[in-house]
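A single structure is presented below for examination.
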Amino acid sequence: EDIKLGISLGFTGPLESMAPAMQQGAEMAMREISESGLLLDGSTVTAVTGDSTCIDAAAATATVERLIASENVRGIIGGMCSGETIASLENVAKANGIVMISPSATSPALTDIEDDGLFFRTAPSDARQGEVMAEIVQERGINSVAVTYTNNDYGKGLADAFAASFGERGGSVTVNAAHDDGKADYSAEVAALAAAGGEALVVVGYVDQGGSGVVRAALDTGAFETFVFPDGMVGAALETNFGTEIDGSFGQNPAGEGEGRDTFLSMAEEAGFDGSGAFSGEAYDAAALMLLAMAKAGSSDPAVYKDHVMDVANGPGEEILPGQLARALEIINEGGDVDYQGATAVELVGPGESAGTFREIQFTDGKIEVVGYR
Amino acid sequence: MDILNGLVVFLNFVFIPAAAYGAQLALGALGVTLIYGILRFSNFAHGDTMAFGTAIVILLTWGLQALGISIQPLPTALLALVPAIALTALLVLATDRLVYRFYRRQKAAPIILVMASVGVMFVMNGLTRLLIGVNEQRFDDGARFIIDVRTFREMTGLTEGLALRSTQGLTVILAFITMIALFWFLNRTRSGKAMRAYSDNEDLALLSGIDPERVVRLTWIIAAGLMVMAGTLYGLDKAFRPFNYFQILLPIFAAAIVGGLGNPMGAIAGGFLVAFSEVAVTYPWVRVVGYVAPWYDPGPGNLMQLLGTEYKFAVSFVILIVVLLFRPTGLFRGKSV
Amino acid sequence: MSDQDAVFGNRGNRDWSVVNTNGRGSIDGTRRSGPVGEGRAGDPFLIGEAMTGGYGSGPDILHDCTIAVEQGQIAVIVGPNGAGKSTAMKAIFGMLHLRQGSVRLNGQDITALNPQDRVKAGMGFVPQVNNIFPSMTVEENLEMGAYIRRDDFKATMEQVYELFPAVAAKRRQAAGELSGGQRQQVAVGRALMTQPKVLMLDEPTAGVSPIVMDELFDRIIAIARGGLPVLMVEQNARQAMMIADKAYVLVQGANAHTGTGKELMQNDEVRRTFLGG
Amino acid sequence: MIRVEDLHRHFGGFRAVDGASLTIETGSITGLIGPNGAGKSTLFNVIAGVLPPTSGRVFMDGEDITGLPPHELFHKGLLRTFQLAHEFSSMTVRENLMMVPGAQSGETIWKTWFQRGRIEREEAELRRKADEVLDFLTIRHLTHEKAGNLSGGQKKLLELGRTMMVDAKIVFLDEVGAGVNRTLLMTIADAIIRLNRERGYTFCVIEHDMDFIGKLCDPVIVMAEGKVLAQGSARDIMQNEAVIEAYLGTGLKNKDMVG
Amino acid sequence: MATNRQAATAHSRWRAPIFFAILAVLFVLEGTVRNSMFSGSWNTSLAILNMGLISAITALGVNMQWGYAGLFNVGVVGFLAMGALAPVLISLPPVEGAWEAGIPRLALALLVGLGTLAMARLAWGRTRSGILTLAVLIGGFLAYRWLFDPAVTAIEANNPARQGNIGGLGLPVLLSWVVGGVFAAAAAWAIGKVALGLRSDYLAIATLGIGEIIVAVLRNEEWLARGVMNITSIPRPVAYEIELQRNLDFVEAASRWGFGAAEASGIWVKLSYMSLFLVVLLVIILLAELALKSPWGRMMRAIRDNETAAEAMGKDVTRRHLQVFILGSAVIGVAGAMMVTLDGLLAPTSYNPLRYTFLIWVMVIVGGSGNNWGAVLGSVTIWFLWIKAEVWGPALIAAMTSPMADGPIKAHLLDSSPHMRFIAMGAVLLLVLRFAPRGLLPEK
């Protein structure tokens, strides 16, 4: 059998710079399994990609619809951004009974969504990121911040999680205001943020989009000097856009550490892409998990293998790192148990999402510097 | 001191941005109004042509930069402006030749020209994206500030800072020069008067020996100049992304109509009116009030903002309706009655 | 209006926020002129001879119609509504395509010229309607009349003001604010500013009160006696006939009667059917 | 029938109608003349509801109709024609007439869905009436012609015909004669007289052609500078010194130069 | 059913049938032939057709306003969005806790808001006193904000990650199509009252602005429909694919026709939608044609022809304009509701004027303004092209660039081939305007 898997990521749109590394991560896992010849009596795996645009929910559903209806895929790696993921899950994947594993959708809303057991993610919920961010901000001795978020599921979810957690710790959020992506001018938004004041500005936005615009306007008018960046902003684009202007700003994004990650990075280098790109490892893990679950279920029918994802992701069983997928298939084919670890130390909790580790970063001399993991 | 601080906050967050924005709108509205007055239709392709012209400016700027040519501290884009205007003028003249002239010749109802301009809008929209893509481009390479926050604070010792970006200064100055030149041209020169005559009465202009095609060509060239100028200044000051140029079409039309369509004076007044009210209505006045009237406590969380920033552009529309209710022909009497 | 108006009917054309119907023209300004030919011996100053043609691709309006005017004379065209009087004027001015016949001015065949070039060749025309620039001042209106002139036209302007003192008083006022009769004077004044060699007027007195009409006729006589040939269409036929050196009655685009004004006034049939008894 | 009391209509500072008071008697054909810019058309437009007055009142049969919109005045029996013919050019001559009557059930949109039969009957009646009018105006042969293709005079006849589709009480005619051939104008005058005699319409007519006024109108009202200058029979008016000076004039001065 | 008499008399009797037949062939090709041009999947073919039918209904609405009355509505996107709200508020299940959180207070606030406007109007009408009116307005506004703000805060705080909105009534989704029409009609009434009453006709610019404002409200008022966070799982009026796939009878029947269960279920669902849409479309056309071919239609033509004269002939032009404007908008609203139902999704960010206003205009003009069947033909054709341009555009560019040497320019052109879509649409519009200025099926 030739098993087709759909990859639905935002190849255009506000995070287009992140998407290619994610796609290659996922395809690497598929190749690895395909070449082993051990999946379901020597089935091969082919990737079919679709553009989810990240922000346009209607376009994303249409893409996933096409992947399922015309391409007949057996599962979807995606979506990329939370809003789009929710839409395609509820309208297409559920209606057709297809499994989706997202590498990067982080909205808390996805935690308790009714998914008929079809949805998993290898990224942690922003409920957790909000806590981590609040912790980091507070540890740096900042007690009052203004928050601006990109006006969508991700932005609002994370901003709210942060505000709640920050408030519990005794910090104060002077204003929690949305900005829309895709505008030319954010001086009005920044004027409002400046009027409210605060020691730092938390920018829950997208780096290729409004997020950078807000930072630019805030720097120009002298409204803020220190910024806090969560995952949507931590990208190389920040360095090129602002350089030393934002020295002293800091942030965090989900990223595992340890052996699995190192292996993945070197594998990626061999394959010719940058494995340290945000959510690339998560994408590798998502594809691997889906295929291992098929092996475990002995079927590529989503209705069957969906119940086996948690089995392969968590213990008991032998720990599997990147590059060991053939080994995992052997174990499974022999009827054994595996505990997939992958590039990001996968441990699925609750209804199938990553527990999550985060790395803390900081800007020094115009460069992103990793200062630790939590 | 406090009053001064209040004034600085006001200047920094309200006056300067609004003045720059107003100048950009005014230039755009001048173009719209010119085409409306003389060619008799609202050009829906205006925004996208602005984007196209700006894209050319950007490409030329990159070229110049690659050659190492610059006019520091002014942005290189200014150098690129002249050839870009020429190229854009060629493009709009070609468009006129291919599209509009046919209908003019047929004496088709103006609404057909509007429809055709929608078609041109689509094409221009695609062309711009073909040329430069959909992404944001920054091409401002001159000195960033005439005065920045830190210097200002050090100079004056005030707590509040004031930033005046060079692009903002440039926008206002260039816009004013352009407007004065245009007025002089329309009211004093033979060609300008011929344009006004054609606008008033096409046939009679012809019977007076005015070559209508020359007037049309002149109009497109001037309009192209205004478009590229407005688009470049907007892009320098904010950021260039093709879609944004479609979006400012609404405030530009609003400005032109509020001022009185077909009336250049009105376009300018309209541009500034729209810009200042947009900014003022969505600005949280709490800081200014805090300085000017320290005894007044609006209460925590009250930013004294009339309308959320997300409704910023709704303001231009509301102003439009209100003005039209009281002055049905716009602030200055347009051609519309 | 042209037949293309039928395309969108009148849909949307009243929406002032997108279209501006003020001052729209009906002449194709893109047409190029053809060559100028030789005139014929014994021609009157201006003659449209054996003209046949119509609007666009529509049916012929004019059928073998001839109109002429001599130096220093007044020629008047009368006829029922829709006879083609205005059409004949437009044909002489090159505003419609002639399928047969020719127009000759001052010893030259100008049939192929476009209207702009006929203006340059020395023809002045005051259309039946829309004959001023309403938002420009009276003075600017006159300046526009002198558009093709490269010399100093101040003197001519003074002459016009002398001729029409009522207009002179309002030289800084927008012409659109004038009364009907004054507009008409501005319109004629504008045509004079070109320093034309021949003046063509289409119903200069329509809708004008009797006293202004007399005034206008007086001026026209004065102009003609000054040596400028005048060709005009009139519905106030009896007054017009009185001052006409030559009169044409057009019916369905063809010459029905031709003669001096007095002759036609004495023709019973003409009086009854065209001059209102 | 119509009484206008101290009517003012100003444009900016300019007083186009400046305290005009006049009456139009039932059953009369009243002429309204005056120099260009006297305010005649403006007065018409105010009465017909196209322009609101600055001050003053208009009464129709004792009822105050000041500022009512044209379509309401229509339903009260006040009709007007336009200086430039306003035909519905893309519709046939008959359709031009049939659209006039007011209370057609077929003009209510839901009735067109549920009351087809009734609409059919009404239409048949309207068709009959329209044909009668066309006969009266002697343009029956043009029934199916597009109104836009009519000649200027025929359009004016059509304008008149529309007023006959309903029982008008008063009809305002704004310069029916301007640009119309004099012979045709006399035909129109005959039609007006017939309507006045046979159907009892009241007319108010603006015109610059004194032959027409003299033939048609009994009381003639002269306006100048926004006010009523004189009123009386056509004969009296034409001999009135003030009217001659302001309006009629004394004829060509350069008689000697006429060829 | 009413036939296409108008177009038939305008050109050849066969013009309309031929165009529709060509269109049908295109859809069949799309459904059966698999190559670089067509996908060969009935699912795609039907999906395009369904969206095309909805566009056709939208175009019918625009056509009423433009074709019958000459009203230039450039705010189509706003009315679609108004209609889109209906399925959310009508057929979504109620949100737990929202009622307690503040729906009553919110309702009261909205009532106070409307009351204020009414009072202000009354005050102005009765007294002509600007100060009093202003006082009423300001007082009302303060009261409104006092009621409104806490209610909204409370509702939005109610389970914000998943809900945070007022929820729906849980009624059948088909009902919401009607309600969608009513919503759009209400908006049209308010807009028309103001814009059509302005002294000159400023409808175009007014609707352009209002359209944007409606979408902005939808994006930003989270209590209403979760704003940009989208509403998903709107109930369907037809079966779900997964249910069909589990239904053994269905699977068996499908295999008898030679279809896989998955494919067959998709086709079945789309066919069900198609029949619903067709019913709506035909009913609207029937009603429109009946009205158009009666004195009402004659009156509308007269008004379009010459407003001043129509007014003088006793027709209340403003009111008739308002009527058509409302009717047309209602039809657009119905289409908006249908679209959301088909998508199962309300995503306010996707309501962009290029796609929903100007593309619809292209459809109307290409089809032939004033002709209902023209609107249908134009819509389905343009929609088909719009979708296929995504595939054909790159193919075209690839063909054009194939002789070029590899290099950055070629790569750039290939990259930007998606933008061919806009160019293609513009070109189609310009060509049709030039060579068939009255559209493919002109009005009589």
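Just so it is clear, A, B, C, D and E label the chains in written order, and each chain counts residues from 1 on its own.
Methods note: a contact is a pair of C-beta atoms (placed from the backbone, for glycine too) under 8 Å apart; a residue touches a chain by one contact, two chains touch by 3 or more.
Keep in mind that this is a model prediction, so the values were computed, not measured.
Between chain A and chain E, the least number of touching-chain steps is 1.
Between the contact lists of chain A and chain D, the overlap consists of E. Each of C-D and B-C has its own count of C-beta contacts, and the greater count is at B-C. The most distant chain from chain D is A, comparing centres defined as mean Cα coordinates.
When chain centres are set by their Cα atoms, the one at the greatest distance from chain E is C. Centres computed as Cα averages put chain A at a distance of 78 Å from chain C. A straight line joining the Cα centres of chain B and chain E is 31 Å long.
Rounded to a whole number, the gap between the C-alpha centres of chain D and chain E is 46 angstrom. Remark: chain C and chain E have CA centroids separated by 53 Å (rounded to whole angstrom). Multi-chain contact residues of chain D (touching two or more other chains) are listed as 90. Residue positions of chain B touching 2 or more other chains, listed in rising order: 42, 108, 111-112, 114, 134, 253, 257, 310, 336-337. Across the assembly, chain C contributes 4, 7-13, 15-18 as residues in contact with two or more other chains. Annotation, chain-chain contacts: A-B, A-E, B-C, B-E, C-D, C-E, D-E (touch as defined at the top). Every residue of chain A that touches chain E in the complex is listed here, in rising order: 55-59, 61, 65-66, 68-70, 72, 83, 86-87, 89-91, 94-97, 107-109, 111-113, 151-153, 156-157, 160, 178, 180.
The part of chain E that touches chain B in the complex is made up of residues 72, 194-195, 198-200, 202, 204-206, 208-210, 212-213, 216, 219-220, 353-354, 358, 361-362, 365, 413, 415-416, 419-427, 429-430, 433-434, 437. On chain E, the positions that touch chain A within their shared complex are 39, 41, 43-44, 47, 160-162, 219-220, 227-230, 232-233, 240-242, 245, 262-263, 266, 343-345, 347, 349-350. Within the complex, the chain C residues that touch chain E are 4, 7-18.
Across the complex, chain E is touched by residues 42, 44, 99, 102, 108, 111-112, 114-116, 118-127, 129-130, 133-134, 246, 250, 253-254, 257, 308, 310-311, 313-314, 316-317, 320-321, 324-325, 328-329, 336-337 of chain B.
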